[in-house]
Amino acid sequence: MARILTLSEAVEETIRDGDSVAMEGFTHLIPFAAAHETIRQGRKDLSLIRMTPDLIYDQMIGMGCARKLTFSWGGNPGVGSAHRIRDAVENAWPRPLELEEHSHAAMANAYEAGAANLPFAVFRGYIGVDLPRVNPSIRSVVCPYTGEKLATVPALRPDATVIHAPRADRAGNVLIEGIVGVQKEAVLAARRTLVTVEEIVDDLGAPSVNSVVLPSWTVGAIAVVPGGAHPAYAHGYYKRDNSFYIAWDKVSRERETFLAWMKENVLDKRPEAFAVHGRRASR
Amino acid sequence: MSSTHTPTEMMTIAAARALRNEDICFVGIGAPSAACNLARLTHAPDITLIYESGTIATKPNVLPLSIGDGELCDTALCTVSVPEMFRYWLQGGRITVGFLGGAQIDRFANLNTTVVGDYAKPKVRLPGGGGAPEIATNCGEIFIIMALGQRSFVEKLPFITSMGHGPTGRERRAMGLTSRGPTKLITDLCVFEPDAETKEMTVVSLHTGATREQVVANCGWAPRFAVDVVETPAPTALELETLRSMHARTKAAHAGA
Amino acid sequence: MARILTLSEAVEETIRDGDSVAMEGFTHLIPFAAAHETIRQGRKDLSLIRMTPDLIYDQMIGMGCARKLTFSWGGNPGVGSAHRIRDAVENAWPRPLELEEHSHAAMANAYEAGAANLPFAVFRGYIGVDLPRVNPSIRSVVCPYTGEKLATVPALRPDATVIHAPRADRAGNVLIEGIVGVQKEAVLAARRTLVTVEEIVDDLGAPSVNSVVLPSWTVGAIAVVPGGAHPAYAHGYYKRDNSFYIAWDKVSRERETFLAWMKENVLDKRPEAFAVHGRRASR
Amino acid sequence: MSSTHTPTEMMTIAAARALRNEDICFVGIGAPSAACNLARLTHAPDITLIYESGTIATKPNVLPLSIGDGELCDTALCTVSVPEMFRYWLQGGRITVGFLGGAQIDRFANLNTTVVGDYAKPKVRLPGGGGAPEIATNCGEIFIIMALGQRSFVEKLPFITSMGHGPTGRERRAMGLTSRGPTKLITDLCVFEPDAETKEMTVVSLHTGATREQVVANCGWAPRFAVDVVETPAPTALELETLRSMHARTKAAHAGA
């Protein structure tokens, strides 16, 4: 059963030094507040997993939280490079970063296999490309019926998955809506889970019986952090802050401006600082 | 509105024209997104646009900055999970055209968006493949949109992120792939199509005002020209106006918090 | 793009003699009207596919439409035997019936693999049981990472899939809601498809952006048949007619009563006969 | 209401008692469904009931006739697709108890619901396995509910549809399964549990009024009795009343069209 905690308690319980950690949210519902709290708590040696390690991991990697990154596309979407990730890979600053690189299809299938408790995923991919040359975890199986050779990747089973969601009810059931990404799979694949939510409500108000719901007993900790996905967005609550993404290019390009920004906006702040972004749209 | 147009505008417009009203199109971010939505707002109103974030048949009013802006979901017929998108829709063989861009390309339209230099010690670390490796082989055909340049149109790729026609142009057939691979490469100066035999990307059309010499000067290999190179029709007033007002709406929307 | 046809035209276009045909709907939304039309049109030599061949295939098999049945549970749910299927298997009446038998997990995974355009499905199943002894299509692969042996089944790719759905819009987009079963997968896995619907509406009225929707270009033919799932039910329209299922036990037990019932209620009727069951519940 | 109870009522009530408030239970139709919902309406109000139709945390007011009655969906926390149910939820290892019935059972709690006689030329064709083969191995443990009888409790099964402890009781361990398999077999006369060593199903509790002789007479193999066989506590007034009113509501609901 999910327990409702403060974000500080929840991060402390969920994420441990050395863990493999997936913070998911595909453009939408990215758990920025939880990432900031993780940075403040000084977690280190993390093996970070994320299909699109954009600003959220640019910040964590720039602050030295991670020793490894498993990913499929790392950049500032629509803007350009993830400068802090590049600095780590190209110059080992602030520390070396090991990469395990995949395609989106591979990562999505690997989370799906993790949720399904399978040891690996099969898909038709990686045809004619160089990634299997540099990533030994990409292998293959032969179809027992047609003889076709298909690509495989190991299932993703993170020690901890962190996501942001619109809301939970008091029993701890969580609703996800809009662009749902791989969040459900990432939660079901993980050993420990933390869900930050915009609000806790009496009635989940799922719009359909087929809505994407995580039952309380599939979730570890829940923390209420209105605005906690900013500068990403929360469908029905607030919009993506595209100007922030554009501005991040300049902030993150140099180490000094990055560190100054992180001190002012993360290290010296508390989770409550996100509340200013958490406007509830009319339903 | 200016009646002259920029090479980038010509590129986007030429790319849009390649799309058909009945296409089911998997849209990459940036230039492909502009071209696909321009097609939708001009000659292909019923085109189905799919973004890898899971949004199906989306009709954005402004261009998304990312592949998952709220605008895409709000205007979609429906939104599915990302595993479903890659399993049922892309791998499912339901996409007629995949639209890609890239950092580097070779004469057989193989793409690199991974690294410049050695993979283990890269000179430049690029964002990586994202959806491209499987888009390249699972869509019916591929359109590529990229501005010409010596650093991006290269003789030999340091890394193949997604396969075009393969390192020698013969690999797709050898592997038994049934999808067609890159059938159009639209640049700011010209349009390439693969030679029927060799699969080498070949200039078939020059944009108004562009010369063969400019193409050669901005291409890292010696490009072949088709026997009959035609002139790309200039943008119509409607195309140019639609594109510019879409960009103006987008700029206004992205500037606000 | 889906075309809106009469049921009679739609069945004629979609189902051909000798086809493999999946009529799906897991208790909910079973396409009875389409099955009756198929019987009336005299289709034969069909390889029928269905996880739970209950009354709908009891009727088709009893009328001699099928030469083969691929299934995982064949009975009258909560009531007892599917007498006509048993008569075909035990006594070859009205003609012999070849069986390809699976478990639910295998069938569900096989449809999923079909929708995903994979040649086979992998799952952890068929452990310690006799079915693989009698079904040669059950095979295995070895995980390239852990060495675990996992079960495989060939993907299901029916020639034709038939389902019933609450509604479509005028462009031919179809909404499915409630117990959604394997219908989406069965449609995406098929070469040709037919969807009967309770109604055609101007606005699909999908309750959520994440609703189960089949875009028009994934559907072949659509036919409006209010009540077309009776005696199964349509969420939001009418309830399951449990008394019919109970009464079927007696109707179907003997060949004579069965044939008399089929003549009166199927052969001598038209699709419009289902309309009496198609009450729209208030939304 | 009669204060005496039938053996079937005792069976359902004994089965209900085996469930815990914190269980995540995969419910088969018929007797398992009655037992699971009785538990929910008495001592286990927060139990999570899952039906293979995809309904999660359902709280039906009347018992479903099928595993997919509308009542299950209407009262569920959410409803997922059937492939998802079998992949993420059952195979996902999220179910603590799977509740099964069957046509035939052997001393190691292997079940047959496929055929009597030869598979190719069956004497009786039964409905088949449905979800049972994978429920049997993917749930944390299995409870089985079946009325005793010479034709159903047999020395040797003609067909193993779902594995209990295997033909010799040693197969689960040999296969490296981590789930516990059948831990309770609840009948209309007694309750069996597997012997810690041999895994043979062993009578641990006799229902009020039932005798060892009756159990032996209705079992196709010579059943073992535990050293300390206890008497199953008789149904409480609350249990009996809750069960009977649930059945009455169900009967009324199923009679209507």
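Order as written gives the chain letters A, B, C and D; numbering starts at 1 within each chain.
Throughout what follows, a residue touches a chain if its C-beta (ideal position, glycine included) is under 8 Å from a C-beta of that chain, and two chains touch if they have at least 3 such contacts.
Treat the numbers as computed from the prediction; the structure is a model and nothing was measured.
For the pair chain C and chain D, chains touching both partners: A.
The minimum number of touch steps linking chain B to chain D comes to 2. Here B-C and A-B are compared, and the pair linked by more C-beta contacts is A-B.
Between the CA-based centres of chain A and chain D the separation comes to 41 Å, rounded to the whole angstrom. Distance between chain A and chain B, defined via averaged C-alpha coordinates, is recorded as 28 Å. Shared interface positions of chain C, defined as residues touching 2 or more other chains, are 112, 116-118, 123-124, 178, 180, 185, 206, 209-212, 235.
Multi-chain contact residues of chain D, defined as those touching 2 or more other chains: 73, 79-80, 87, 91. Chain-to-chain contact here is organised irregularly, matching neither a line nor a ring nor a star, and falling short of all pairs touching.
Contacting chain pairs (ordered by label): A-B, A-C, A-D, B-C, C-D.
Against chain C, in their complex, chain A makes its touches with residues 116-120, 122-124, 137, 139-146, 148, 150, 152, 154, 177-178, 180, 206-212, 235.
Contact residues on chain C toward chain D in their complex (touch as defined above): 26-28, 51-52, 71-75, 77-79, 81-82, 85-86, 89-90, 101, 103-105, 108-109, 111-112, 123-131, 134, 178-182, 184-185, 212, 233, 235, 239-246.
The touching residues of chain C, counted against chain B in their complex, run 112, 115-118, 173, 185, 188, 206, 209-213, 215, 217-218. Put simply, chain D touches chain C in their complex at residues 29-30, 52-55, 64-70, 72-73, 79-83, 85-87, 90-91, 114, 119-120, 122-125, 127-134, 137-138, 159-163, 166, 171-172, 175, 177, 253-257.
Across the complex, chain C is touched by residues 24, 48, 56-57, 73-74, 76-80, 87-88, 91-94 of chain B.
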